[in-house]
Every structure is written in C-alpha cells, then in structure tokens.
Amino acid sequence: MSKIALENHAIVIPGDILAEGNVRYGEGIIKRGDYYYSTVVGLFQDKGDFIQVKSLKGKYVPRSGDLVIGKIIEVGLTNWIIDIGSPYFAVLLANNATEKKFDPVKDDARRIFNVGDIILTKIVSFDRTRDPQVITNERGLGKLRGGRIIEIEAAHIPRVIGKKGTMINMVKRLTRTQIITGQNGRIWIQGKKKEDELKAIESIKKIELEAHTQGLTDRIRDMLSENNNNEIR
Amino acid sequence: MAGDGTVQLIDEKGKRLDGRNFDELRPISIKIGVLENADGSAEIRMGNNIIIAAVYGPRELHPKHRALPDRALIQCFYRMSTFSVNDRKSPAPSRREKEISMIISNALTSVVFTEKYPRTTIDVYLQVLQADGGTRCASLTAASVALADAGIPMRGLIASVAGGLINDKVVLDLYDIEDQKGSGDVPLGYCPVLDEISLVQLDGVFTLEQFEECLKLSIKGATEIYDIQKKALQDKYAAIRADVSVDAKETKKEVKPKEEPKAEIKEESQAVKEEPKEAIKVAPKPEIKAKPKEEPKTEVKEEPQAVKEEPKEAVKVAPKPEIKAKPKEEPKAEVKEEPQPEIKDEKEAK
Amino acid sequence: MGDDFVISEIEKDYIKSLLEQKKRIDGREFNQARNVEFELNLVKKAEGSAIVTLGGSKLIVGVKAQLGSPFPDTPDTGVITTSAELSPIASPYFESGPPSNDAIELARVTDRAIRESHCVDLSKLCVIPKKSVWILFIDFYILNHDGNLFDAAVIGAVAALATTKIPKVKMLEDDEVEILEEVEPLKIEHYPISVTSYKIGEYNIIDANFKEERVSEARVTVGFDEKDRIVSLQKGATGVYKPDELLAVIKESLNVSKTLRKELMKALS
C-alpha cells in the first residue's frame, strides 16, 4: 500500500516528501492527500509500520506531568514567574508552592523562592490558551541548592536518561554525583567534589554529541572507569 | 526604477556586465548556525550581498496585548548596516526597511505552523552587512533557513530571487547596477515544494508577456536556490545527527503514549514518547489531490491571501529607494540627526 | 548589558566558589583574555571593515568616509564619529529601539580610546580648511554578545581603521572638490588596545564572558597605546576599587594589552 521515499535516518527538511499511500505517522509530519511531508529539520525514522521525524533542535514545549527545572525570574505577592526554557513562562501560585497554606498578609513570597532560585517543578496544566501552571508542593520538588546546571537540547534528554534510566544511573554511580534531569533539557548535577561534577558534565555532553552511535553506554562506562583509575593511581 | 533603458547592460550575445547569462544566478553560499546566542541563524552571500539572519523564539511577546490568541506572531526586522551601501545610510530605520520587514514577515507567516505556538512571537532579525541589489530576496532566503535551523515547524522553505528587465530583456537576479539602471524588477518569494508564491512586488513597466516570462524565470531561479538551502541544512545537521531511534527502540515496550509521568523523579517515566497523530492537529486541511504542485489553493490559509494583495499597494508606495544614487547629503547635517552618541557632545563637554 | 538576564543563584555561587580556587568557568587564568580573531575588509562598500570575535563575542565594524564641514572651533581637522548598535540579533536580552545607555557608553568609551590615542591624525583628514574635511563614521553592530564588548569594539575599530582606504581628491575652482577613484590607505599613527577587568567579590578578572559579567559588581576599561601609555579609562557599574587595587588592575591590564596588540598586528600584517 505504502511507499517510503527515503532511507531510515535520512536528514530531512521542512517540505520533503517522506512517503506515499497509507502509513502510521507521528511527530514532525503532515499528510496532504496521499503524501506525507516533513515539517521540521530532523532525522527521518522508518520503523516499518510507523514513520516520524525527530526534530534535532527547538524549544521545549510544556506537557502536563513533565518534571522541569526552572529559574525564578519574577516574584509577585502570591505567585512566581518561572523561566522553564520554553516559549512560555510558567506560573507558580503560592498555594501550590508549599504544603502549608500561604497567607498573603503574613507570608513573604520571596522567603520561599527568590529571583534567581532554581527549582525542580512539575507542570500540572498547559493548554496553549494559558501559561503553564506548575507546582512544587509534592515530594522531591522545590528549590535546588548548590551543584551546577547545564542545558542540552530537550530532544536529547531521553538519550541521556537511557533505557529505564540505565545511562544516567551509571553516570551517577561512576561520578558519585546526584543528577536530576528536567524534560526541558536542563540538568542539575551535584557532587562532593567539583571534579566529579565536571566528569558528569563531560559524560552528558558526550552522550548528547554521540547520541546517534551504537554502544554508547559502554563507551561512557569506559571513559568514566578510566578516569577513576587515573585518580586512584 | 531609475533606469531609462539607455545604459547598455546586456550585449548582443546575451552576456551581462558581470558576465552572466540572462537566466543565471549570482554565486550563492549559505552557512547555517553562525550566531551562538540565536535559536536559529544563517549567513547568506549572494553575489556581493552579505546578510545575517537570526531567529529568536518562539518566545513571550511584549507588550502582551499584541499577542495573537491562536497563533504565533512573526516579527521581522530587516536592517541595513550604515556601511552596507555606497553612501552611508542613516542608522535610524527607514520606511523602506519597515516595509521590507513587513512583506518578509508576511511571506514567512504563510509557511510557518504559527498555530503551534499561540500567544508567542518568533522574531527574525535580518542584518544587511553589504548590499548589492536584491537584499530583500536574499534576506527572505536566509530567514527561511534560519527558521528551520531554530527547529520551527514549517510547511516548506521559501526561496527568493528577483527577475527584472534590462534593455527590454527579461533577466534573472538583478545586481546593483542592473537594479539601478534597469527598467524594472519583480522580487519573488516562492516555495518550490508547495508551488506557492508568498512574496511578489513589481517595480517598473512590464508587458503581460514580459511579466509572465519574468515569473517563469524567477521560479526557475528560486528552485535552484532551494537546492542550495536544502543542502546547507542537510550538511549542517548530518554532522550533528542524533540517532534517537536507538532510544525509541529501547523504550518502546514500557512506554505507552498516554502514560502520565509520576511526581517522583523517575527517569523511566521521562523517556521518549511517540506521539502518533499529534501532528494532525496542526496540519492544514488535507488536500484532495495527490500531487503537491497542483493545488496550492485548497489549503491556503489567511496569511498568504494577505501577502498576495500586498504587492499592489507596495508598488505604489515603495519605489526602490535605497540603491538609487541619492544626491549627496551634507554629512554634517546627518551627524546631527543621529540618535547615536556623536562627536558634538564630546566637544561640548570639554 | 543584558540587564533582563537573571543569573541563577546556583551559577552565581558556582562562579564565585571557583574563583576562590583561582579558577574560572571557562578554564582561563584570571589575567587571560579570550582568543581574538579577525576577518578584515569583508565589506567592500565600506572604506574599511572588520569582523572581530573575542571568545563568544562577535561584532562587525565598518568605516565610512564622507566629505563634510569641520567644526567651527577645529576648522582644519577631520572628524571621527562613533556609534554602536546593540542589535537584538546579538542576544535575547537586547531590544530594538533607540540606542540604549549601554550602547551609548560602549560607543563613547570606544571613541575615547581612538581619539585620545591619536590613532588617526585628524589634521591629515583636512581637505580645505574651514570648508571641507573627511568625516570618518565608525559604526559597529554587535552580532553575538558573550560579555566584554568594550575590548572587542576597540580592537575591532582599530582593525577596521587599519584597513580603511580614503579616496584621493582633486581641487576644483570655488573650493569645489572632486572625489577620485584612486584611494590611499589611512595612516594609523597609534594602535590603542583596551582591556577590561571585572570585579567579582574580592577578585579581579580580565575579559569577562557574559555570565561572569552578570555576576560582577564593577569593571574598569583601560586603553593603552603601543608605548604603554594610558589613553583612556572608564570605570563602570556600581562597585568600587581601593586605590592600590585599581593600580594593580591597570598593571595587569597593560600586560594583557600587549598580547592582544600582538594578535592585532599579526592579523594586519
């Protein structure tokens, strides 16, 4: 029935014809008539019964349920405006910030989160008519202290995490760091030593850069183990 | 058009002053990703034109009341550097720059899925470092690839070039002197994969036959430019391609499209989600006919309509101002008008 | 510059804690400037031009020469006028519109380094006293902002001037002047270099990048000529210096200026 016009993993640009006929398709594609076209610059993926185009770049688009790392850029009387690296600033209402009820008369929002604070937060609603609403009053959410923040393309976050978290857990273990990955491409890293943090950053950058290659997990393991040996010596 | 057709711009053999044939483009090169801070960027060199395009966004729009509730606004800022032309241009934006900014943003709006990012702005900055005729076309060509480089979803790329009339002959891609001394030009923005014209203006006097010939020639030229755009993007991304399919395979089993991520920081829940059919929401109405070339009309949105009406007006109000030899202004006077710091203050301060 | 940018507390703390260990976020020494690169004479329609990159900061400078009237109080010298545009092309934190105070400061600091060093002998730009002199417009556009635009602007302006060619003129009757096709290079008398030092806490670092600049409390831009004389100086931002500290900073900057000038001369030769 269907005819695929391109090789798997081809780089496509907006408007390229990808396939003809009847095929299941995902992101980065529109269908007009019998033809399927790419809408973004990206990697064409043909999985037999399913095609899609993975965009390699672009702003993070919020989705309800996503955990993201945000930066407070404005503090209101009863709310905060947060840069989550997306086209939209997120809004955190005081009542969604802490487990305790917020009293605007007594409580000072700045004492909870101030401008420049980095927070781990969860998107609870976003429907394109209103800015994304986020919360920090669940376990594990809230202000991140110390450590470092790096940013990568949001599209590469899944690769950094790996299957069931294998990749990121390995990096954490071998670099003795704590790592939190935000779906918006921001990653928080904290180690006891700065060198450990640097090693973790180095590996994440390598994962992003070599995301397309096979056997990446092994190479990252080798790289980090080598480092460890050097240190012992 | 200043030209009265008296200057010999093309010889009997059909060679132009710079040695090109009537249907030949100037050499074009496009570099992608030339500015680190921008979300997408490109540098185009077309003959002696040098233009940098930078895209920021989609991002929050200020002031907010200008935001569109159902789609993104595309704001274009076409600017000539003061030193890009023979006589120094005043740094303040001219009417010509504002008009060109508008028609370029109209053209781009026709190909971008603006409905994907309601209430935001996509800002496109076009800085002309050197002008050699046809800067609006080269700018549109560069803007279009810079948008793609920013990862913004589009229906297709626009390639742009002007056709024109010199010594009563229709030629492609006018450069400086031809622009000044020729008798007309028709800048065209054209998307080859959609067969859509998203920018067209006309300056000068054409017979219907000449216009038709001009259009054909520019479409041919734009199609050649399109191939250069495509190659530039492919080359850049081939270098940094990321085979995300590896993850998709690995995670296929445990990830269902509708799974809600949990509140706790579990990396597993953050894996790639395939979003089958999500694209349908943003797609323009499906067409009935199979070949893309035959039915641009059925899916034209509002924006392109607007663009098409544009040129009529534009022809009246926009007599190609810049490249004409303007009478030399007294530089002194210009210094005073400048909103920039100037030597005068320096003197007075002493 | 880039005032809308909120630097996170985490990054601020990180930058500061590194400084305590005598380290910088990009691995440089405190007194080390970033790499400088030039692309000369790109714009043929300008009399002179240069694209300069200083680390991640990138700008283009163009020089246009036009005949005009001299100022009444300096009837026999030419004129230099400098303008800067912090174009929104360069940073998500620049806005379009009339020149900001930052752009004005940038242009004026650059202008002083060029003017006070006598980089160009203005008397040679006089064509007919009281009537006609060359006006050199030095205009720069920031293309990518990664901190310390001052030093990039000055070195870029000198590079652009060094590539500048002024048309020869022919005197006609009644003080009329004809501009000829033939050109001659503008003579550069001195090669000023500016070096900016940024103060973060008790530390002074040379040539801050964008994030360091956002954390800093004060900066001082010093221009030196090739004879190691100070030709311009500007303290910026709200922080303060102790006298000894300022002197130490200036000495450090002088050393850096020599390195940068070497790079400039290499590019020009």
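General observations
Lettered A, B and C in written order, each chain numbered from 1.
Just so we're on the same page, a contact is a pair of C-beta atoms (placed from the backbone, for glycine too) under 8 Å apart; a residue touches a chain by one contact, two chains touch by 3 or more.
Keep in mind that what you see is a predicted model, and the values were worked out from it rather than measured.
Seen from the Cα centre of chain C, the chain whose own Cα centre is farthest off is A.
Chain closest to the overall centre, judged by the mean of its C-alpha atoms against the mean of all protein C-alpha atoms: B. Look at where the CA atoms of chain A average out and do the same for chain C: the two points lie 39 Å apart.
Chain A and chain B, compared by their mean Cα positions, are separated by 31 Å. Those residues of chain B in touch with two or more other chains are numbered 59. For chain A, the set of residues touching two or more other chains is empty.
Interface residues of chain B, counted against chain C in their complex, comprise 35-38, 48, 50, 52, 54, 56, 59, 77, 79, 81-88, 91, 123, 125, 127, 129-131, 328, 330-332, 335, 338-343, 346-347. If you check the complex, the residues on chain B that touch chain A are 39-40, 57-60, 69, 72, 111, 113, 116-120, 148-157, 191, 193-194, 229-230, 233-234, 237-238, 240-248, 250-251, 254, 260-261, 263-268, 270-272, 274-280, 282-284, 286-292, 299. Against chain B, in their complex, chain A makes its touches with residues 8-9, 11, 13-17, 24-35, 37, 39-43, 45, 47, 50, 52, 54-59, 61, 65-67, 87-89, 120, 122, 128-129, 138-141, 155-159, 161-165, 168-169, 180-181, 183, 208-209, 211-214, 216. Partner chain A is touched in their complex by these residues of chain C: 6-14, 17-18, 21. Across the interface of their complex, chain B is touched by residues 42-46, 49, 56, 58, 60, 62-64, 66-69, 71, 73, 79-85, 87-92, 96, 98-99, 103-104, 107-108, 111, 115, 135, 137, 139, 141, 143-146 of chain C.
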